[in-house]
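Look at the two complexes coming up: subunit A is in both, with subunit B in one and subunit C in the other.
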Partner chain A sequence: MAFMKFPFLKKKNDREEIKKALSKSKDYTTVTYLNKKTNVTFCLTFMSTLVDEKIINDNALPPLLEGDFYRLEDTKNILPLSDVQVTEETDKLEQKLFNGYVLLTMQGIENKFCFFSAQKEVSRNVSVPEVEFNVIGPKEAFVESIDQNLNLIRKRLPIKELIIEEQKVGKLSKTTVAILYIDGITNTENVNTVRQRISDIEFDAITDSSYIVQMISDNQHSPFPQLLDTERPDRVAAILAEGKVAIIVDGSPHALITPTTLVEFFSSFEDYFLNWILSSFLRLVRIFAVTFSVLVTPVYVATLSYHYELIPQDLLGLLVTSRRQIPFPPILEALFLELTIELLREAGARLPTKVGQTIGIVGGIVLGTASVEAGLTSNVLLIFVALAALASFTTPIYKMSNTIRLIRFPFLIFAELWGLLGILLAFCFFLTHLLRLTSLGRPFLEPIYPPRIHDLKDALIRLPFSQQTNRPFFLQSKAPKRFDDGTAKEKKDIDE
Partner chain B sequence: MERIRNFLLLIPLFFLLVGCVEKETVDDINLINGIGFDYAEEGRIIGTILFPVFMKDQPPENKILTAEAAIKKSVLQDIQKQSADPIVTGKMRVVLFGEELSTKQGILELVDAFQRDPGVGSGIYLATVDGTAEEILKGKYGIKGNAAHIANLLDQNVKREDLPKTNLQRFLADFYQKGKTPYIPQIKKISDENVELSGVGLFKSGKIIDTITQDKMFFFKLLVDKFSEGMHRVGIEKGDAAIRSIRSSHNFELTGRNPFEVTVKIRVEGVINEFTGNELTPKITKQLAKQFEEDIARECMYFVKRFQEKEIDPVGFGHFVKTQERNFNIDKWWAAEYPKLVVKIKPDVTITEAGVIQ
Partner chain C sequence: MTQIVPDNRKISPSLVFFLIHSMQIGVGVLGFQRIIAKSAGYDAWISILIAGLAVHIIVWMMYKMLRIADGDILAIHTYLLGKKAAKILCSILILYFVLLTTAVLRNFIEIVQVWMFPHLHTFWFGLVFLLLVLYVIFGGFRTVTGIAFFSVLLPLYILFLFLYTVPFSDFTNMLPILDHSIKDILLSSRDMSFSIVGFETLLFFYPFIKNPEKSKKWAHLGIAYTTFAYFYLAIITFAYFPEAQLDKNVWPTLTLWKIIEMPFVERFEYIGIANWCLIILPNICLALWCVSRLTKQIFSVQQRRALPVLALLVLVGISLLVTRDQINTVTNITGKFGFYFNFVYVPILFIVILITKKVRSHGKDT
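And then the complex of A and B:
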């Protein structure tokens, strides 16, 4: 294994050896000082890139140089810092240095040393969510710093039952992964599974929560994401209250939510900010949009290639005239347009935001119109493909919307091969796959299958909060009731 | 991993099956909208097909191909020889039979081909033509194409006017039903741009042996169809009235067994659309209703007598009796019992509205 070559990664490391390895890096700094009052010579060792020198200069050095500094243990008293440790364990040495601690050693004392923390806080400010943007509701999004993120969640759930467990993952990256759950609500089994799966991760560098998603998913070969990722702290707080488990990864502005179900991927968090009628309507629109987006081009190809009988008489003329000059069979025409849309999207995603938008719109309109005028594609199909692309963007979770875009292609190919029968076949494939899929061992298609009527209250539609008395059934929560509906009586008028 | 490998091995097998499916891309086929059959000499028939050639921003052009063949089913194959694109029957709306063909030779063998073609829906219209089918198809009616025009014409007359429900399904059901004989509408070309519904042709073993004319169709519909709309003109001394039936129902009852006696109760709810007299008093309204009842009874009785004479039964008295009688024998029915059948018509007309201005 590659990392064994680095001497400082050995389990039994020697101070000298660590020094030797570290001194190769330019940010390894060792400075020797003399306290004139006590005549003690001491040495500060730190990684200059990780350490805030202001803390050293302003807070640490003045007492160390001028205070009553005789023994190492004195540091605890004279340093005006909260995190000061004196230890004999050389094992911790390297880890502490890389966590932004400053190592303080005294001349003549070889087996004891002191640490104090002086981390440099490099983090951007909390900003507006960009992937899950909402018009209504809070506009805070996670950032890359785990402390900041945990702060955003703690603020929303100021209770002692909110447990934040921490694990280090990745042999090289030593990424901090926090598991969040509410004690007494979340099923312990779920927490245990998450904890175990995360500790089982064998990988050298975890740089984002997406790594974790791919490593702890139940089926890693599935195109469907089985952990919901969100950049909204309010959403995380809400699902914690439902009894789910959240995973927050240091360096990633996306938290993970598990266990989850397919329908949850089509619910935007804004659904909870709107009146239940509106949000139910919007959810149904989204479900329709997904179905439409996946099926419209395949159905077009299937009907035009095999099932002309299905086309209404009045539409027939329109379809036939728009297709007559086109030299390709429907499938090539459809693939051509679908790929154009994919290209536009991919180009738009890779380019800087402003340029990307322009390219997307201009490219879409110009290319679409031009390809119709050149007789490469029929204008009817152009409308369908554009609508399908538009519909696919309504999926609130980005990872799911990518999946939706992908699964259209197998449908298209099956439609070309066997017409509507092929579409049905492809549908059966995906349905079987989804039925077998689990998220943390919980059925992914719940509450549709297995049917859980009570969980339908917050699935395809969202019933009013007064109806949301129970936590989702599939979570097997320790406290299944959210509130006692007996106490939540209807409000009476003041004069009654 | 093994599962994935097995799945990947399956994929080539899918492609082997693909050859089994026949592809019919919509712009590379000729979609027949209508087909007509006519009688030629010595038992040969002439088949005419009509398919639309779609034009941008224009009504479709009616294209016609004709072929003559001895064996009826080979007509389509012969026409195929004149066509650049394969001819498919899936969008067919009407099948027309020339007068000579339907009276001399019968249409059964031709209809049989349609009943076996999975592409042909059971909702297509069969119609007989006063004249030749070819002539009718050669016209230029409407903006949706000839066949669509004829089909829509029949459609709206079934829904809103006095043509009884008819299509391939009904024709076959009536044909195979013991104690019932089928009927199909009859159309007539009146000019190059106009075609009209001229009556209903009544069949006996595949041949038309009688027709009901346009003006009597209302009563025919009352007899054979459960719900009918339609207009009828009623005349009394004080003036004529156009009464539109908005709701009607009929009810059969077996009231006697030797000889069989069937009572048909016909209830009509109607509104007066037009009255030529001076004033429409409630008394006159009652008179009109009475007169209407008399008309219904008279015309229906006349029909029944006529059916009995010609040994046809489009109303399905035989079928009705069969449902009521345990020892029903269809041969005996046609030979002895049907001619002796007594039918009583009991009409009941209610006029619900006579206009708003008093």
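And then the complex of A and C:
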């Protein structure tokens, strides 16, 4: 018998210890009640900051105080709540309390207790996407609550094949991380890799999905983001249907999508709402913008430092006039202006919206004009730098646009070293880097390299939906066909 | 002995097109016209076609041999001579590829020094360039192939820019056709072959091709495309320069670019030479990849250990070559070696391997 008693005693000690530790916090609450009908004394324990007291007062207490409450098991019948558990396991006690459950104990019964959920939902309403804003199409964005976010996705994919797996990550934060995929479409290997990498995470506090991005990326020393992050539930739903894996982190309004490719970072989700000709045009504009944004100042530095013969005479005259009074070599001039723009951007991002706008105007107009008038920079370069900054903001994914802004600096240094040759060398370095990058083990430059002609249908340009019959090849989906493009097309002639 | 290459390290057969083509195009393109016109004059375009045809035949032989030996060049030699002798014979190739890399890189640097930066430091530029090459090769063969792929695709626009010269050209320069003897034309074919070697790397990367039988078609397409590119360039050059003027031009391709004029670009050769950086990159990457792999197989050292040493050798090599004559000597030696290796040694090897196979299969039957 003593052998039987021992674990029970230990449990009681556990409970006392937890109680002792918890009662240090001011939000630890214990209240004792008496059911007058059945003469049962019971006790409710909860963390007042996590629990919605309205649920306790309106839903839980009336039946408990006035209902047929004789045994602990009766709670399941009398409580009008869905999540009521009766258990003997003490090890879950702490975790449950911190998940917003209320602990119900009956006097005289030591080894059994009941939990019911009364979480307080503190979350903001679903709002308009701010980072990935679009003119047409749905205007819902993720919020910080994982349930709300999962609801937004489930609504768009109401099928049983959409699997939501949960894991707890972080020793202190116990963050809930959900892995989403569609069974029967998504490659199992991809799901396994994601699951493995997430469970391998060793970190104490995960507060946002960007932590996860940095921890599960293939190459953590690359300036390029290897997981797409989005705040649009419609994008996540569409991408799940393509056969990718999505990761949602509690407390983060950004979902992660993997595996991904470089071109995806330059496709806005609005591309799918526009006619394919328009969206293809916009995509090409964006790619041109990125190239322009990265290369324009380095090319300016290279040509003006080394290859002024490259420029036709008329244009050269213009450039020389604009630079006549400037005491600095082109590289210093370019670095000065680029850093100013970075400064403005950083200041604008840190300040509240209204002040930020003022700073933008002051910085952009006043500083720009003044520095040209003072003879510190040439107005041609000012135009180029401003255009380059503008062009870098066309990148739809914010993290990628940051990268774009960063990588021009190595280009600038190489341009100063060896002119155009240096720019080409820097380009080769970045090309190699991108060639070596993988996302979840899949090549990052796909479908350009390795060349996959079928995947080019939705890369640099977007072909009409009637052409998008197959899922991207690189995902190696279990169901490669998206839909049947109907029976064999009839051959039609004019006027038939 | 031959290690099996894991499937995820292999490349798809169509990429052989880019590997072969990018390896054949290098610094040679910038100045081959004068060299081939030396003996055959403006009939040299026929020589290009003959040289191209010869390459097709050699590559056909290579595929046959590789299939019989089922491996790379070392496997072929092992098949014939046994392990030890094969290793000794193949170590000569290490020297050849190091020399080839040195020659390509030094020639490119020379062009940059003559046309763009007279004061470019051979050592520093070579160092950065070789670091880039190491970065590529450490990414594995797939990255090397990727570089080859982009080095073919991205500079493609240059081919069209040569059309700028057409209004200033006279295509009757090439008439009358066939006013040189067959011997002259063949001699000029031999000169041409210096520029289009490089396809021998096939003997090294063959085990890395998924489905090698399918890649044959692509290899031959690659060669055909190279031949076309040289042919096209030769025709444009011959129409643009009178024969006497061509003789005084070391780099006619660069001179051709001078005529290109756009509203925002005048001297296009600056952009062109900078672009050539990307074109010679796969030459050097692939050559160093081949030689480091060979070193690994012969001396059983890790490829990642062998590579920096070989790159250092190249760096020392290019720093030691200073004058035009020295550069020319090294270029000629590698060119000659490449020629004899590809067009003399490979056919002999082919015949020997065919006979050996016959004899061995007879031996098995009886």
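One rule holds in what follows: the second predicted complex is superposed on the first by the 473 of 496 C-alpha atoms of A that agree within 3 Å, B and C clash if a C-alpha of one lies under 4 Å from a C-alpha of the other, contacts with A are read in each partner's own complex, and residues count from 1 in each chain.
Definition applied: contacts are C-beta pairs under 8 Å (C-beta built on N, C-alpha and C of every residue); 3 or more make two chains touch, one makes a residue touch a chain.
The structure displayed is predicted, hence computed values, not measured ones.
**Student:** Does the superposition put A:L319 against subunit B (first), subunit C (second), both, or neither?
**Tutor:** first
**Student:** Output check: A:P327 vs subunit B and subunit C. Expected answer is one of first, second, both, neither. What do you get?
**Tutor:** Touch partners of A:P327: none, neither subunit B nor subunit C.
**Student:** Could you look at A:P352 and tell me whether it touches subunit B, subunit C, both or neither (first, second, both, neither)?
**Tutor:** Neither partner.
**Student:** For A:H221, select first, second, both or neither according to whether it touches subunit B, subunit C, the two together, or no partner.
**Tutor:** After superposition on chain A, A:H221 lies in contact with subunit B alone.
**Student:** Could you tell me if A:P158 is touching subunit B, subunit C, both of them or neither one (first, second, both, neither)?
**Tutor:** Neither partner.
**Student:** Quick one: is A:L424 in contact with subunit B, with subunit C, with both, or with neither? Answer first, second, both or neither.
**Tutor:** It touches subunit C, and subunit B stays clear.
**Student:** Based on the superposed arrangement, let me know which partner A:S305 touches: subunit B (first), subunit C (second), both, or neither?
**Tutor:** Touch partner of A:S305: subunit B, not subunit C.
**Student:** Under the contact definition given at the top, report the residues of subunit A touching subunit B in one complex and subunit C in the other.
**Tutor:** 306, 309, 311, 313, 418-419
**Student:** Considering the complex alone, what residue numbers of subunit A touch subunit C?
**Tutor:** 306-307, 309-313, 315, 418-421, 423-425, 427-429, 431-433, 435-436, 443, 445, 449-451
**Student:** Across the complex, what residues on subunit B touch subunit A?
**Tutor:** Touching subunit A: residues 4, 14-15, 17-18, 21, 23-27, 29, 31, 33, 52, 54-56, 60, 88, 90-91, 93, 119, 121, 144, 148 of subunit B.
**Student:** Inside the complex, what are the residues of subunit C that reach subunit A?
**Tutor:** Answer in residue numbers: 11-12, 14-15, 112, 116-117, 120, 125, 128-129, 132, 135-136, 139, 142-143, 146-147, 149-150, 261, 263-267, 270-271, 273-275, 277-278, 281.
**Student:** Per the contact definition, I'd like the list of subunit A residues that touch subunit B in the complex.
**Tutor:** Residues of subunit A touching subunit B: 221, 303-306, 308-309, 311, 313-314, 316-317, 319-321, 323-324, 326, 329-330, 417-419.
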